[in-house]
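Chain lettering (A, B and C) follows the sequence in which the chains are written, and residue indices restart at 1 in each chain.
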């Protein structure tokens, strides 16, 4: 990230809204945490429980919620969502730095592929035949793109990404190092004691504004395509099996695995190291907590956890009650009131 | 995958067997799902429960089980195992496309390594000294092979695979992008407050017809070798520790980890995201379900799941009974009859 | 690993201590397991329970504990810690083989980066601007180092490692193939139905003598740095989120995920496939067993396991008691005595 220019606190409020409290003339040259901020930096208070750090901070200014505005005398911006506000301010001071456009002499571009003048192709990158690259595309060093791959405008592949033949990425997609898109799905049939491979002839289709974390894998479909809809955010070391569909704006934390043909709804949040077995349907707006093992379809929005996964309140209750029962203590008196409707009906 | 030629339905039956029902003259040019098939494509019905899709399909022909032959009037092939039959038909229409033979000018081949005329070495590949490559081998762009590596005939490494020095792959092995074979096992001894590394001087030996999914890792042995026997199929993001031995024709789904020195039998099926601790013995024909945590050796064929793993029927019963007990409901009357023999004896 | 010279058994004792029992003149040319050792190799007995293998071994000499010295007549070295002793002997016979120094002609070094004469840069490696490389550094083929990266003396990156811009590694760090250091942390804020990315502007700082296994990922910090202290050992396919701090000499086994902002103490041992959620504090000397799901901070040294993780004795007891309760058998009589203090107080 390159160093950006300075802004006065009042200029930041002009740009992004919020309420200025205190001296708007102070100059800000960057963002930092409450603990490490210096006089020219702006920090943020995500939650009132961090007020101790707020008291000790040397930050020149602070972003906080309206209800926390009285917690400090430092010049500050009171707003509805300090974390979101901070995200915008941080982006202002830390604009992404794109490499220079042009094709590195140590890159290989096969015949039938045109590179737009605005694109950047890194050293050692290999780009197959008939690849389509949008304007402003950045292909990092060591990337390998198979024949017929399509990369939409302003997408960026960091170093050492593999895209197998025929897969298509939308616009403004960011793919981190080590990602593999379009490897064969795990499709096998047993024949007289030997596995026979099912050809994996679908593709992977990635929508606009998707981000994919380091060393994650998205397999190509067996017949139809594997689809990641627009705005989906995927963390590191995530496995997405063949013919999975991930609904728009769903976020998937690291080490999660989603087995083949499962469909995840829109605006879901899937915690780290979750396991979701194949051929399930997960509704929109479902939250799956870390390490949950999802073995059945989830038809209703809500928060789920456990092994096997269930309503997360029930899982918490059952694990607590197991400890009580195992210790020879009875169940709590009011326990039935705490079971979710779903569980009580069972 | 390249476009293949057309076959009449009767020709497909001639090739692969099965019983032709209806017009054998119709031309077929590819395979597809029931939902997306068009008039010149053949689909398959894996199970009678998908009959709704069968009713709506526009496929020109269908592969189905003998007992489902009456479910449609579409020209069809009735057979014992529709999924396996479909696998063969799909392979007929989607033969693997190998890159042209030859060494890409942007590849590096060190001294003492001969490349057969029938082999293909991709751009940016690095091949160390004294590497042995069989006929028809394909080394994708960006692969790195250490000194003395052996790759058997007709094996294919997709882009960006690493094979450390001395490791040996059999014939017809397929390795997907990002795989690392032969990195050091995790062997450490504590000495006065500091970890001392145990040199990892064994190799990795991979049998014929093995497939390894994207970004999986197979560590070299500490002293003896890590061994993956013939016909083993490994999905993406799987970790296989040092000195593990995987028996022939075992299949391992994605995100599974197998710790050092564990031995897995032949014809096992290991579900996604399973964890198997070190120094265990798993018998032949064992099925381990998704996300199981295997902490003890498994001596008998069967299906296992849970955390810790046990007979999968017991695990299902115990988790169900925990919910009943936690809700203040008693155990079901006939529960003892449902416990496995193993559990009742305990 | 290259072949090393021979040593007489007495020479090994002179070098590393221990008590020589039997003929010290026999020549030793390597290390092996009890099962595979030949007459010129030395094996080790980690535990008396392997005495059967000891009886059958053809090893020329054996390393064993003082209390096991009477189990064999083979020339032997009795010592306090046979495994550690073996580690030293193995290192004697298997010194690491560094590639020749120099820059491979197929590597790319950008302006402003000096390569010491003692360093080795592999084919296809890409090294950005202003990178600092210490003496004796080895950068394997296909590695990609962003601008401003710092690599301390005698560190080694195996093939195909990515280090994003600005990250810093200490001395004698060993990084295995496929590792990604410094990719963006998973930081997102929701704004009117779309995820807005939080710029990840911290770095990753890796201390001296750290080892990182194949395909593991360590994300850069959001504002402050992600820190891995000296002597930490990380296995394969491990995910370390942004702003995590791993204390010195902690060992982390494969497939483990540590979510953002969690702090792990010194000298912890974290089992394979463990999941540790974000924003936790784990004390020094904590042992977390395989597949544990850690959802709360751990303030005391001890051994933890389960889902959710608790004192591992409690977890073992609760899972055993669930089986008893589920089978309609009562709790064991003396069970309360077996509960940990922590649990009984609850």
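For this structure, a couple of remarks:
The definition used in the following text is that contacts are C-beta pairs under 8 Å (C-beta built on N, C-alpha and C of every residue); 3 or more make two chains touch, one makes a residue touch a chain.
Since the structure is predicted, the reported quantities are computational estimates derived from the model, not experimental observations.
Judged by the touch criterion defined above, the protein chains are all mutually in contact, each touching every other.
Shared residue numbers account for under half of those found at the interface formed by subunit A and subunit C, and the copies are therefore classed as meeting with different residues. Rounded to whole angstrom, the centroid-to-centroid distance between subunit A and subunit C, based on C-alpha atoms, equals 27 Å. Counting partners per residue, subunit A has 106, 124, 142, 160, 178, 215, 237, 255, 307, 322, 325 as the residues that reach two or more other chains.
By the touch rule above, subunit A contacts subunit C in their complex via residues 1, 31-33, 35-36, 81, 83-84, 86-88, 90-91, 94, 96, 104, 106, 122-124, 140-142, 158-160, 176-178, 209, 211, 213-215, 231, 233, 235-237, 249, 251, 253-255, 267, 271-273, 290-291, 306-307, 319, 322-323, 325-328. The residues of subunit C lying in touch with subunit A in their complex are 106, 108, 124, 126, 142, 144, 146, 160, 162, 164, 178, 180, 183-184, 186-191, 193-199, 201, 215, 217, 219, 223-224, 237, 239, 241, 255, 257, 259, 275, 277, 293, 295, 307-308, 310, 314, 317-318, 321-322, 325, 331, 335-336, 339, 343-344, 346.
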